[in-house]
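To start, the structure under review is shown below, and the notes come after it.
By written order: A, B, C and D. Residues from 1 in each chain.
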Amino acid sequence: MSHDDSNDPISINRRRIMQGLAALPVLGLPGLSFGANLPTAQVNTTKLAVTDTEVTVGQLHSATGTMAISETGSIQAEQLAIDQINAMGGVLGRKIKVIKEDGASDWPTFAEKSKKLLINDKVAAVFGCWTSASRKAVLPIFEKENGMLYYPTFYEGLEQSKNVIYTGQEATQQILWGLDWAVKEKKSKTFFLVGSDYIWPRTSMKIARKHIEGHLPSGSKVVGEEYYPLGTTNFNSLINKIKVAKPDCIFIAVVGGSNVSFYKQLKAAGVTSAKQFLLTISVTEDEVLGIGGENMQGFYASMKYFQSLDNPNNKKFVEAFKAKYGPKSVIGDVTQAAYLGPWLWKAAVEKAGSFDVDKIAAASPGIEFKGAPEAYVKIHENHHLWSRTRIGQAQADGQFKVVAESPELIEPNPFPKGYQ
Amino acid sequence: MSVSEMLNIGMMQGFAGLSLFAVLLLMGLGLAIIFGQMGVINMAHGEFMTIGAYTIYLFSTITENHFPKLVQSYFIFAIIAAFFIAFAVGWFIEWSLIRHLYKRPLDTLLATWGISLGMQQIFRSFIGPKEVSPTLPDWLMGSWSPHEGLDIPINGMFVMALTLVVTGGVLLALYKSRWGLRVRATVANRTMANAIGINTKKTDRLTFAIGCGIAGIAGAAFTTIGSTGPTSGSLYIVDAFLVVTFGGAASLLGTMASAFGIAQMQSISEFFMTGSMARVITLLTIVLILMMRPQGLFASKIRR
Amino acid sequence: MSNTDFVLAVEDLTVSFDGFKAIDALNLYVNQGELRVIIGPNGAGKTTLLDLICGKTRASSGSIKFKNHEMTKLAEHKIVRSGIGRKFQTPSIYENLSVFKNLEVSFPRGRGVFGALAFKCSDDVKERVQSVATEIGLEGSLDMEAGLLSHGQKQWLEIGMLLMQDPELLMLDEPIAGMSAREREVTADLLKRICKNRSMIVIEHDMAFVAQIADKVTVMHQGKILAEGSMDKVQNDPKVIDVYLGH
Amino acid sequence: MISKLLSSLKTWIDQRGLNGFIILAILLAVVFPLAMDSFRLNLVGKYLTYGFVAIGLVMAWGYGGVLSLGQGVFFGLGGYAMAMFLKLEASDPISTKIQSTPGIPDFMDWNQITALPIWWEPFRHLPFALLAVLVVPTLLAFIISFAMFKRRVGGVYFAIITQAVALILTVLIIGQQGYTGGVNGITDLKTMLGWDTRTNSAKYILYFVTVALLLASIYGCQWIQKSKLGTLLLAMRDKEDRVRFSGYDVAMFKVFAFCLAAFLSAIGGALFTLQVGFMSASFVGIVPSIEMVIFAAVGGRMSLVGAVYGTLLVNFGKTYFSESFPDLWLFLMAALFIGVVMAFPDGLAGLWESHIKGWLARGRAALRKPKNPDAPPSQIVQPDADVMTMQEIGSPPLARSASGSPRVPSGAGMQVSGIQGQSA
């Protein structure tokens, strides 16, 4: 991996002075010397797996099973971030050692492995999980064993934990601005909501419906709301229902293998971007790999990150990612969010001057990360990230063209009033 | 909604039912041969379909990179190749494992389950854990729109045509060829078939491999409507078994009837209720009918 | 239909398999204490008739009355419990159980699920096993695994298993098939002994054996009864001769 | 004196075939707790809850000849019944005050349900929940199997129909997430009647409760195997028609075997919920159901004790392989399944009976040259010379018939002959 200190994108609150100069090569180095001389007994009072030279963290994703399709990108991004941090000298002068565990797309296995990481391996932090179900399965364990989880996926919200940093967007961040944009730019009045049948699409659609019916200009309405079991491969009847309803906007949260079937069949039924406006919150560059750019072309996605984002941080990130994982690899929203995890953890540790989970949790709010590929992010009091939402239009080559970006950072609001 | 629009929707919905019928039949056909005729519970059926899908991906990649002029026509050759690759893998697996298990049908389930795990991991390790998307020829994409408001999916028509050809081929082979005669004789009475000089071992191997080959064709065809990834096959396996069981395992006619019944039930109920409820209702109906008629829709009455 | 004194009254019995009538409007009456032998060429429907009586196959139409009770609608185990025992063509015993267990399991007590759980092999059961084993000549092999018995012994064991249930009607499908001459004689003696207080239907091909045991012989052909009567009578019936020798 | 007592105890154990049982009991109740830290022990506790399913399958599949590919349904129902009780206890108005409707389970709140559904109400009471754990799955098993077996639905068909049932229930649970928790399941369970089930001491107690119940279940199943019912189940696998025409309602015996398996699975599920702290639809599906069959197959489908070892082995294998060879572990698992089916169709128990036991006995015999006190008492009965008539004429004992009739061992042990032949 090509890496030098100029790639150090980290900066934290207490070093505000340096932030303005973050792009300068040498300025990663203070992070190196900082704390390197702190004795282990001082930075680790809770018997975590931290030695004078090494700190152990866990990585818990599905490398096998149906979710491996999605989680592979997160595994790669986290590994990349950790390699970069190590190349810079690690955290508090300690190199990061990773213990990889396979959740195997099975929630009980996630629970078992998280226990193993926290109780047996005493890892200082865990980067992992993807589905809501796996997070829900491990959450009580993280809370009881007092571990720290960096969770990368955009998700339904309705959760907030001292022991979790949510590096993806919660539902309101991802959805509300996207719908506003659809009304403003695409003049959408009628919406057809489609989702896979589980908590994230259901909650997302609930929020979407409340927003459409309560907050968008009068006359906006939902003309259909449909859920299909995970793994459904046939959508012809659904597509006919959509044709009957003739919505201005199809709003989609279909996931997994179903995604591919949905878009291929949509195109085959003559529903193309030329005739129909479609906004999805579940298709990233990773999914387009399976769907095929030609089947997705012209449709829109509402995300906080697209690989094509034009900023220096992202250029470096994409370059480093491709150098490590091959020129054909793609980076989706979740992959980028997973990349943030180790960096945010490093920043929190350095701010707290300790690996102790309590101190990290307390230190996290307010931490800023200017080097994020998605550009500036900041950790909120509620352990979610302030972030911008963007609208991308799918291109034939599988990339998205960013057509709009929220002007402000959107505040994370996992328990949105009026949307429950 | 105007009358002509309702007519259009009605026609498209009718076509949706038919195309689901074709999909179910195509995925069930290979299994009907292996499970129905041989009694082998092939849990790796889905993975043989994945082999077919990856064959298309392989061909599409090679064509794109080396023979860009053939992009419009490679698909047909790839489907034929999918049959032979799946056939060869099936042949090998029959030779190495299945042939030792004919007397223990339930054990074939466990062994093929292991095969399915192993094959999924092979796909993941050697092709990659993410989904892929083969580039399909333009003529397979999009819809045929005879007039405004009516769109008939071309990939659906393609799958239907392919199903027709494969089903016809299987029926022809089973009832008109030497192989078919041998298969039917072996199913009816293995010992006697052996005694009259039929090499039942060879017949078994050929039958298993042909079943796998058809699964390969199905998987190849489904790249037009579904995903291609290490676990894509697992999306189809349960439906495939249901189709075959519901039809009455030993009868190809039954497999067809059951695929038709399930497809209509599913697609009509989906139109009037949510997808999840439609699925529950369809499955429940199947189980209730199977409880009342355990031998399946079609099974001949014989002296037991 | 009419009440009769017959143990078994089969009337108008028909069964068809996909249009093929294996039994065609058949009537058969068996008296108390009678030993009836059914003969006929292969495919005449003899085994199917036994299958119908014991409920293994369901009749398309007609009636089967056992002691004036209709049997055609009853479940198999209920038919057995009302007093009909049936031996299959090939010896049907539990190969991996001991001879003792084979007999014990056939004892008609603890036939329900929970009855079987609570069943105790009490002295009366042991006595009964002993006496039946003596009857069939296996009292010395009680601990032997049944699969190790000779073919003839297996046939006897299955008869013994039926005797454990003390059925009023005993149906035997080719009980001496595959037996040596000496075994056949012993079997004939056994059958004569055990038919003392019950009725029996025996299917057999061996005419010498039939002559030795039969009270009355029924000849079946193509699902119908061709002739019925004493051995001498049917042997001289031209129709019977035609069927066996003709065409 | 003591040695005499010991030897008489040994005879008592030998007579009842309890050797394997006692070794297992010592292993689970003494060796594991001493040798393992609380994390690993808790893992074993979790595996043992699958052990209930495996011994259930030994009874239903090995003995009853009824293969179910839907045991996850019963495991899941038992687990859900338990989870519903625990969830209600965890959802008191104070700890759920952040919700728009405090006092109901969190997932209901997320799904805009504003009052506890009526059918959840009785689950506030532990006795009802426990009753539901035992009764609901058994009843469902009864309904399914009664309908099928009365109509003689055969082995493979039955297996596939149970699969369909598993699929339906999964889709139903996921689709009705407002009432069931959906894909996520019912999570974040904390206390039972105020007793915190998440502490280390609670884990120890739950482990021993699991072991005790498992051993009791095995003992109960062994008792059933030795009863007339057990004999009949074996007899049915050999000659079903003979049993039927000896006046037994064969269907009801199969129903019993299936219900027993469901009953045991449900206990396992409830214990799983208690130990792991959540229950989700992923147990109800087809994949876990098949895996559970594999546990039993690896252990030996005719051996109760073997099934527990099989469960432990597969799960240890899964845990160890996936921790040590994260990229290869699925290959290793696949090889394990295929290897067991191909080489040891009777599983570990078969391997034990056919290879290791004899090898051990030889080793032992070689060690102590004098008389072997372990030799079983002579069972050979001398034929009585007076009643030889029928035996004389019978041909000498034949070898076991070579036809493909199902091989049925005569007891909990495994049949030795034929194993080599099968794997050749």
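Here is the rule we use: a residue touches a chain if its C-beta (ideal position, glycine included) is under 8 Å from a C-beta of that chain, and two chains touch if they have at least 3 such contacts.
No experiment lies behind these values; they were computed from the predicted model shown.
*Asks:* By mean C-alpha coordinates, which chain is most distant from subunit A?
*Replies:* Most remote chain from subunit A, centroid-wise, comes out as C.
*Asks:* Determine which of the two chain pairs, B-D or A-B, is joined by the larger number of C-beta pairs in contact.
*Replies:* A-B
*Asks:* Taking each chain's centre as the mean of its CA atoms, how far is subunit B from subunit D in angstrom?
*Replies:* That pair's centroid distance is 34 Å.
*Asks:* Go ahead and note the Å separation of the Cα centroids belonging to subunit B and subunit C.
*Replies:* That pair's centroid distance is 48 Å.
*Asks:* How far is the middle of subunit A from the middle of subunit B, if each middle is the mean of its Cα atoms, in Å?
*Replies:* 37
*Asks:* Suppose each chain is reduced to the average of its Cα coordinates; what separation in Å results between subunit A and subunit D?
*Replies:* 41
*Asks:* Among the residues of subunit D, which are close enough to touch at least two other chains?
*Replies:* Subunit D, residues with two or more chain partners: 171, 174-175, 327, 330.
*Asks:* Got the subunit C residues that touch at least 2 other chains?
*Replies:* 56
*Asks:* If a residue has to touch 2 or more other chains to count, which residues of subunit B qualify?
*Replies:* 120-121, 274, 276, 279 - these are the residues of subunit B that touch more than one other chain.
*Asks:* Under the stated contact criterion, what part of subunit A meets subunit D in this complex?
*Replies:* 63-64, 100-102, 104, 106-108, 111-112, 115-116, 119-120, 131-133, 136-137, 139-141, 144, 156, 158, 197-199, 202-203, 206, 227, 229-230, 415, 420
*Asks:* Touching residues of subunit C toward subunit D in the complex: what are they?
*Replies:* So the residues of subunit C touching subunit D come out as 54, 56, 75-77, 80-81, 85-86, 88, 92-98, 101, 104-106, 108, 110-113, 116-119, 134, 136-145, 147-153, 156, 158, 161, 165, 180, 182-183, 186.
*Asks:* Residues of subunit A touching subunit B in their complex?
*Replies:* That would be residues 63-66, 68-69, 72-73, 197, 226-229, 231-234, 236-241, 243-244, 257, 259-261, 264-265, 267-272, 286-295 of subunit A.
*Asks:* Subunit A touches which residues of subunit D in the complex?
*Replies:* 37-39, 42-43, 46, 98, 100, 106-107, 109-112, 171, 174-175, 177, 182-185, 187-190, 198, 276-278, 280, 282-283, 319, 322-323, 326-327, 329-330
*Asks:* List the residues on subunit D that touch subunit B in their complex, please.
*Replies:* Counting only subunit D, the residues touching subunit B are 67, 69, 147-148, 151-157, 159-161, 163-165, 167-168, 171-172, 174-175, 286, 290, 293-294, 297, 327, 330-331, 333-338, 340-342, 345, 404, 422-423.
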